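The next block holds one structure in the form of C-alpha cells; read it before the comments.
The letters A, B, C, D, E and F name the chains in turn, as written, and every chain counts its residues from 1.
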Amino acid sequence: MEVCGTHTHALMQFGLKDVYRDKMRLVSGPGCPVCVTSQSDIDRLLYLCDQGVRIYTFGDLMKVPGSFGTLREKRALGADVREIYNPLEIIEDMRKQPTTIAVFAAIGFETTAPLVAELIAEIEKSGVKNLYIYSLLKRIPPAIEALLSDPDCEIDGLLCPGHVATVIGETPFVKLSEKFEKPFVIAGFTAEQLIFALEKMYEMLTKGIIGVFNAYYSTVKKEGSPLALKALKKFFETSDAEWRGLSVIKDSGFMLKKEYSVINALQKYPQLYKITSKDNCPCGQVLKGKLEPEDCSYFGVSCNPENPLGPCMVSSEGSCHAVFLYRT
Amino acid sequence: MCLAVPLRILEVNGNKALAERFGVKLEIDVRFIEGLKVGDYVLVHAGFAIQKVDMDSAREIEKAGERLGKYLGK
Amino acid sequence: MDGTITIHHNSGKRQTELLKFIKEHLSNAVISMEEDGGVITQPVDVVSTDSFTIYPYFFPGGDIGKLAVTGSVNDVVMLGAEPIFMTLSIILEEGFPLESFERIVSSIDNELRNLDLKILCGDTKVMNRGSIDGIVLNTTCFGKSVRSPLSVSNIEPGNAVILTGPIGLHGAAIMAMRKGFNVDFKSDCRALTSLLEIVKRYNIKTMRDATRGGVAQILNEIAVSTGCDIVINEDMLLIQEGVKSVAEILGVDPLYLACEGTAVIFCDEHDSDGVMETLNDMGFYPSFIGYVREKSIIPRVMLKNRFGVERVLPMLVEELTPRIC
Amino acid sequence: MDGTITIHHNSGKRQTELLKFIKEHLSNAVISMEEDGGVITQPVDVVSTDSFTIYPYFFPGGDIGKLAVTGSVNDVVMLGAEPIFMTLSIILEEGFPLESFERIVSSIDNELRNLDLKILCGDTKVMNRGSIDGIVLNTTCFGKSVRSPLSVSNIEPGNAVILTGPIGLHGAAIMAMRKGFNVDFKSDCRALTSLLEIVKRYNIKTMRDATRGGVAQILNEIAVSTGCDIVINEDMLLIQEGVKSVAEILGVDPLYLACEGTAVIFCDEHDSDGVMETLNDMGFYPSFIGYVREKSIIPRVMLKNRFGVERVLPMLVEELTPRIC
Amino acid sequence: MEVCGTHTHALMQFGLKDVYRDKMRLVSGPGCPVCVTSQSDIDRLLYLCDQGVRIYTFGDLMKVPGSFGTLREKRALGADVREIYNPLEIIEDMRKQPTTIAVFAAIGFETTAPLVAELIAEIEKSGVKNLYIYSLLKRIPPAIEALLSDPDCEIDGLLCPGHVATVIGETPFVKLSEKFEKPFVIAGFTAEQLIFALEKMYEMLTKGIIGVFNAYYSTVKKEGSPLALKALKKFFETSDAEWRGLSVIKDSGFMLKKEYSVINALQKYPQLYKITSKDNCPCGQVLKGKLEPEDCSYFGVSCNPENPLGPCMVSSEGSCHAVFLYRT
Amino acid sequence: MCLAVPLRILEVNGNKALAERFGVKLEIDVRFIEGLKVGDYVLVHAGFAIQKVDMDSAREIEKAGERLGKYLGK
C-alpha cells in the first residue's frame, strides 16, 4: 500500500515509517516548494546575480544547485543575495538603498503565495521602486492530478499537506479524491497529528473508503482562508509551470496578472525566457513514487546533503535528504 | 513543507498583532484573519497568520500519540 | 576619547589613548598592552584560543565581551584546568561607538573580576569602515590542570553522557533577537569553572562545551574522534519551552543551537550518579542523556525518540538559518 | 574542499574538513585544533598576542601568514625570550579563495619549520561575505626567557639606541603595492630570533620591533614610558633609496613606515660597540642612531638633521595616507 | 625682514628657520590648498555625504573640520568617502558601480587643477555617468595680490611656490613683483633648493633688487607648462573664491565653464549655495603674516594637530601645524 | 604644497609612460609633456608629469646645501 504525501521529513524524524512498515509503505511525493524548483529557474536567478541584480529569497532556496553553482555560492563570491523570513521585510530593506535593482525570487505553494500577493500590494502602496517579482510559486492540486493520472503510478491513498489545505480548504482535494477514487487524508505535521492521520488512512484503506478525511480539523476549514484566496485571485492567475523531474504541469503555477507586469521580473528581464537547462537527476521518478531514494544510482555517492545533485537532496524537506539523514 | 506554528494573540493593532508561544513574543501580520480577538490561536507561516486554530480540536487530535504509545507498549 | 573609534586609533598617539582607555576599564587586570607582551608568573600547562564574532554584540544574558572571556575560560576548563591568565586581542571597525566599546570592555572587566583572572597582554587593531563588522575579539586562555588533562582518547564504550543543563539557550536567544522576538529566557553564557570540582572528584573522561553547532555537533565530533557510536535519549534532553518555540517558529532543531554555559560530560558509568548528584548540588540542571556504544565503522550519533525509535542525529552540513519550509 | 570558503565551513562537517585541511598543511605542527585547546609540555614564562590585518595579503617578501608568525615571534624575542609554542586563530570571509588560503597556510607552515616552532591549538571562524575583508589572523606566542625579561623600565639616560637594520621596508613595500608601483626591494618581514644572542651577551635594556608607526612611533612610546628625551641622528638612519622614493612620491615620512624585521635596541652605552659588532657579524646592517637623554617634563624624541638642527619627531596622530600636498 | 611663502613645513623640517633667524624672519602665507578651504565648503561636502552621495577626494582633505565634523568622521560613520591619489583613478572606480552618484571634491592650486581638467575630459570620453565635480580649485596670484595690497601687510619679499610656477611660469610673478616693488624668488622644496632660494632672497633684500629670481630653474620655465595651461583654459574660467581666513578673493578660483555645467556638482545640488558658515579661528591673521601661530590664543590649547580648529593646524603643510610639530 | 618628485622616463606609450626613481617604477600620465624621450626627467604630481626637469641645472642648485654646510662650519 502507498501513500503519496509531503510529510516525509516528519515521518522519518519521528520514526513513524518504521512503526507502520507492516501496514503501509509510505512514499514521498512532490512535497517541498524548494524540491520542485527547476534547474532552469535557478539558472535564471544566477544569471540575474551576474547582472548585478540583488536577489531576495527565503533561506531554503540558497543552496539549490543550478547548472553552475548555487545562490549561496554566488553570494560568497560577492553577489547581493539576501535571505528573508517575512516577505514584507523586503519593503523596509529596499527603502535603505532605493536605487538598487532587486528581484524577489518567490518560492512556495498556496501557503506562501498569499504572502507574496500582499508584498505586491505593499510595493504599490509604499511607492518602492526597482523591486521586481520572479514568481516560482506553485499549486498543489494540479501536481497531484498529474501524478495520479500517470498510468505507472501505484499510489493507493494520499496524505494531503495540511498547511496548503489551511489556505485552499478541503474542496480541491474532495474533487481529486472523487476523480481518482482514492482515500485522501489532510494531515498536520506534529508526531501526534501524523499518527492521527495515518490511523485514519489505514482505516480508510482497509475499509475501502473513498473521500477526504480532515485529520487536521483544528486548523483546516472546509473553505480554507477566504482572505488569502482573495489575495491570490487579485494578483495572480494560473499558468503552466515547470516542476523539477515532473517537467511542465498544466495550470500548476501562479503568475503575476498582466496589471502587475511592470513589477514582473520576466517583463524587466525578457532574456530570462532564453535560459533553459535540463535536470541532471532522476528526481522525477522519486517524486512519482516510482523510485525509492536509496535505489537512485547517485544516492549517497555523487549525491548527498553536502553536494546535492537534485533538489530532493537539497531541501531538508526533500525525500532523498530525509532518507539520507535518517537511514539507520 | 510550509512550516507553520500556532501562536496565541496578545494584542491586535489593525493588520498587526502581538502573538505569543511559551513566553516568545513576536509581531505577526494578521490581515488574512477576520474577527480576531485577544486569546485566539492562529497558525503562523513566515510571519503571517494564515488561519485560526481551534484548541479543543487540537487537543483531541493530540490524543492519537497516546494511542500509538499504548499500541507500541510504552 | 571622542564618540567613535577612528582609523587613527590604530597607531600613534590615539592608539596610546585607546590602550589607556582599555587599561582603565580593566581595573582588575595586569595589562602590559604597551609592551610587546607579558610575563607569566605562575605555572601553566594548558592553553586555548578562540576568536569571537557575534551579532548582536549585546544580547540577553551577555555580550561579546563576556562571551570572549567565558568562551576561552570554558575551553580551558573543559581540558580539566583552572584558568590562570588570558590574552585579549581586539579588532574594531572605524566608527564603532565608543559607548558600546566601553560597555563591552566593562563587561570583560566584570567577568574577569568574577573569575579572579588577569589579562597578561593584549593587542588592538582598527580596520577601515566596511572592512569588518563592528568588533571581533580574540582571547587565549592559559590554565593549570587540576589532574592530567582530559582528552577524547580517554572515552570508552559504556561511558555515560551527561549534559550539565538545558540546551540551545544561547543560539535561540541570538536568533530571537535578530528576528525581533521578545523572549523570557536568556543566553546561558557563563563560565563553567565550577565543573573543575567534578573533574577532581570523579573519573571524567572528557568534557565539551556545546557551543557552535550545539549538542548534536559536539556529540558527532566525539563519535568521529573515538570511532564509537553514541546513543542519546530525546526525552532526557532539557529544552526550555521558549527555546523550543523559537526553534519551531524559525524551523531549526534545538539540538544544533549553541550553548555557552552547558557542557557535555563523558564519565565512567559508575560515576554517573555521583556526577549527577554533585552537579545538582552545585545548582546545575544536569541530565543523563545517554551512553557511548561499541566501536563502529561509520561512527554515528543515534537519537532515540519518545516512541523508542532510533534515528541518526547527523552532523550539521550548513549554517542554521530561518526556513519557511 | 571546493574553490572557496563558504559560511558552512563555520561549523559542522565542513568545519571539520577545514580543520583537516589546515592540519595537513601545517606538517610541522602539533595541532589539536579539534579539541578545545592544547597541552603545554615545556616551561614558558613570556607571552605575546597580536591580530594581523593587512592588504594585500601577499606582498614582496612575505604574506599575512608569514607576518602572523614572525610578528608574534618577534614580540616574544623583544622580551628576551625564545619562542616555544604558538596558537593560531583564523577568521575568514565567505568566498575567500581556497587557493589563497592554501598559500597562506603553507607560508605559516614554512615559517614554523624555519623556526622549529609548534602550533599548540587553534580556531577558525568564517564570517559572512562583506563582514570582514578576506582574512584576519591572530597568533599568541609563548616563550622562555633567556635571562630576566627585558622591560622599558630598565632604560636609563645615556643608554645607546641601535637600529638593527634599514627602516620602512615593510610599510613602503605595502604602500607601493597598493599603488601599483614596481619596486626592487622587499618587505623586511622576518623572525628576529637571532637577536637573542645579543640579549645573552650584552647588557640590553629593552628591544622593540619597529612595526606599525615605524621607528618614530616606537621611540616616542619609549620616551613617554621612560620619561626621558631621546635624540637620534638623521644621518645615521639607513633608508633604502627605493623606500625613500616611495615615501617622497606619496608624501609620507619613512620614519613612520612600518618595519617587520628591524628592531630598536636600547643598551648600556659601554656595550654599544659590542652590540654593533655582533650584529654586523650576524649579517644585520646595524646603525647606532642616538642616545637616551635626561628626564624631561614633556618627554620627546629629537631628530638632529644634517645641518645639526634638532627638531621634534612627533608621535603620529593619524594613519599614513598618500598626500598630494 | 619678512618672507611670505608656502615652504613653511620644509623650512621647519630642515631647521632652516633657525639658521636664518638673524637675517630674515620667515613667516608663512596661504600656501596649502587644504589650509585655505573654507568651512562652508567642508560643510557642503558633509551635506552631500548626508544625502548619500559618494565623495572622492585627496587624502589631505579628509580631516579638515567643518561645523560638524570632518569627512574622515563621516566615513567612520558609514558615508562613502574615498581617497584618491591620481584623479583618473575615479573613472575606473566609477565603472564598478556605475549607478552610484559621486562628487569629486577637487582641491588644489594651479599645480593640481590641470589634472582635474583632464579628469573632466576623460569623463566625457569614457561615458561615465553620475560623477560630478565640485571645484574648490584656487589660483595663487590673486591671493598674493590680495595679501600684498593689504595696508597692514609688512611682507618685504616673497618666496614663490615652485610647483605652481612649474605650471603657470614666471610671468604672473613678474607682474606682481613689479606692481608691489618687492623681490620674488621662485623656490623648490628640498633643503638644497630652499637654501639656494633663501641665499638669493637675502641677496636681493640686502641689495634692494626688485624682480623675480627663478631659483628653481631646473624645473620652472618662463612660460610654465603650455599644455597644462591649455587644459585649464578649456575647462575652467576664473571666479571669486572663498579662502579660509581671507574671505572672498576676486578671481582667485577656478570654476567649471558653462559647457560643463551638466557635471558641475553645484548645478546638480543647488542647495549647496545655501550652506554658508563662518570660520571659527583667526587663521586669516596667520595667513597674512600678521599673527605668529604661537601668538594665536587657541594655539596648542583648543587647537592642536589632533583636534585642529583651523585648517592651518589641519594640514601637515599648514603653518600652525608646522610650528606645533617642530617647536623645540 | 603640491608634492612633486622628479622621475626618469623608461618607456613612453602615448599618454602613459613608465617612470623610475631609485628602482621604484610606476606608470604616470605624460599628456602635458611635449617631445618626451626615454631618459628624460619629469616632475610628477599626483600621477601626472607636469614639467620636464633639467638635471644639470638641478645639480647646480643642489650645491647651495654644501655652501650652507660650510657656513655652519660642518
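Methods note: a residue touches a chain if its C-beta (ideal position, glycine included) is under 8 Å from a C-beta of that chain, and two chains touch if they have at least 3 such contacts.
None of these values were measured; they are calculated from a predicted model.
Chemist: Counting hops between chains that touch, how far apart are chain D and chain F?
Modeler: 1
Chemist: Can you list every chain in contact with both chain A and chain B?
Modeler: Of all the chains present, those in contact with both chain A and chain B are C.
Chemist: Quick one: name the chains whose C-beta contact count is the highest of any pair.
Modeler: So the pair of chains linked by the most contacts is C-D.
Chemist: In degrees and to the nearest 5, what turn takes the CA positions of chain C onto those of chain D?
Modeler: Fitting chain C to chain D on C-alpha positions yields an angle of 180 degrees.
Chemist: Among the chains, which has its CA centre at the largest distance from chain F's?
Modeler: Centroid comparison gives B as the farthest chain from chain F.
Chemist: Determine, using the mean of C-alpha atoms as each chain's centre, which chain is farthest from chain E.
Modeler: B
Chemist: Measure off the straight-line distance from the CA centroid of chain B to the CA centroid of chain D, and report it in whole Å.
Modeler: The answer is 60 Å.
Chemist: Taking each chain's centre as the mean position of its Cα atoms, how many Å separate chain A from chain E?
Modeler: One centre to the other, that is 65 Å.
Chemist: Using CA atom averages as chain centres, what separation in Å is found between chain A and chain C?
Modeler: 38
Chemist: If you average the CA atoms of chain E and of chain F, how far apart do the two points sit, in angstrom?
Modeler: Between these chains, centre-to-centre, one finds 22 Å.
Chemist: Tell me, which residues of chain F touch at least two other chains?
Modeler: 1-3, 45-46, 68, 72
Chemist: Return the residues of chain E touching two or more other chains; collapse runs of consecutive numbers into ranges.
Modeler: Residue numbers touching two or more other chains: 19, 32-33, 58, 85, 108, 112, 191, 306, 317.
Chemist: What are the residue numbers in chain C that touch two or more other chains?
Modeler: 7, 13-14, 179, 306-308, 317-318, 323-325
Chemist: In the complex, go through chain B and note every residue touching chain A.
Modeler: These residues of chain B touch chain A: 1-4, 6, 29, 31-34, 43, 45-48, 50-58, 60-65, 67-68, 72.
Chemist: Hey, which residues of chain D end up touching chain E in the complex?
Modeler: Going through chain D, the ones touching chain E are 179, 250, 302, 305-312, 314, 317-318, 321-325.
Chemist: For chain C, which residues count as touching chain B in their complex?
Modeler: 176, 179-185, 241-242, 244-246, 248-249, 251, 306-308, 323-325
Chemist: Help me check something: in the complex, which residues belonging to chain F touch chain D?
Modeler: 1-3, 5, 7, 21-27, 44-46, 68-69, 72, 74
Chemist: What residues on chain C touch chain D, complex-wise?
Modeler: Chain C reaches chain D through residues 7-8, 10-16, 34-41, 43-51, 53, 74-76, 78-79, 85, 87-91, 120-123, 125, 127, 130-133, 136, 138, 140-142, 149, 151-152, 208-209, 212-213, 217, 220-221, 224-225, 315-319.
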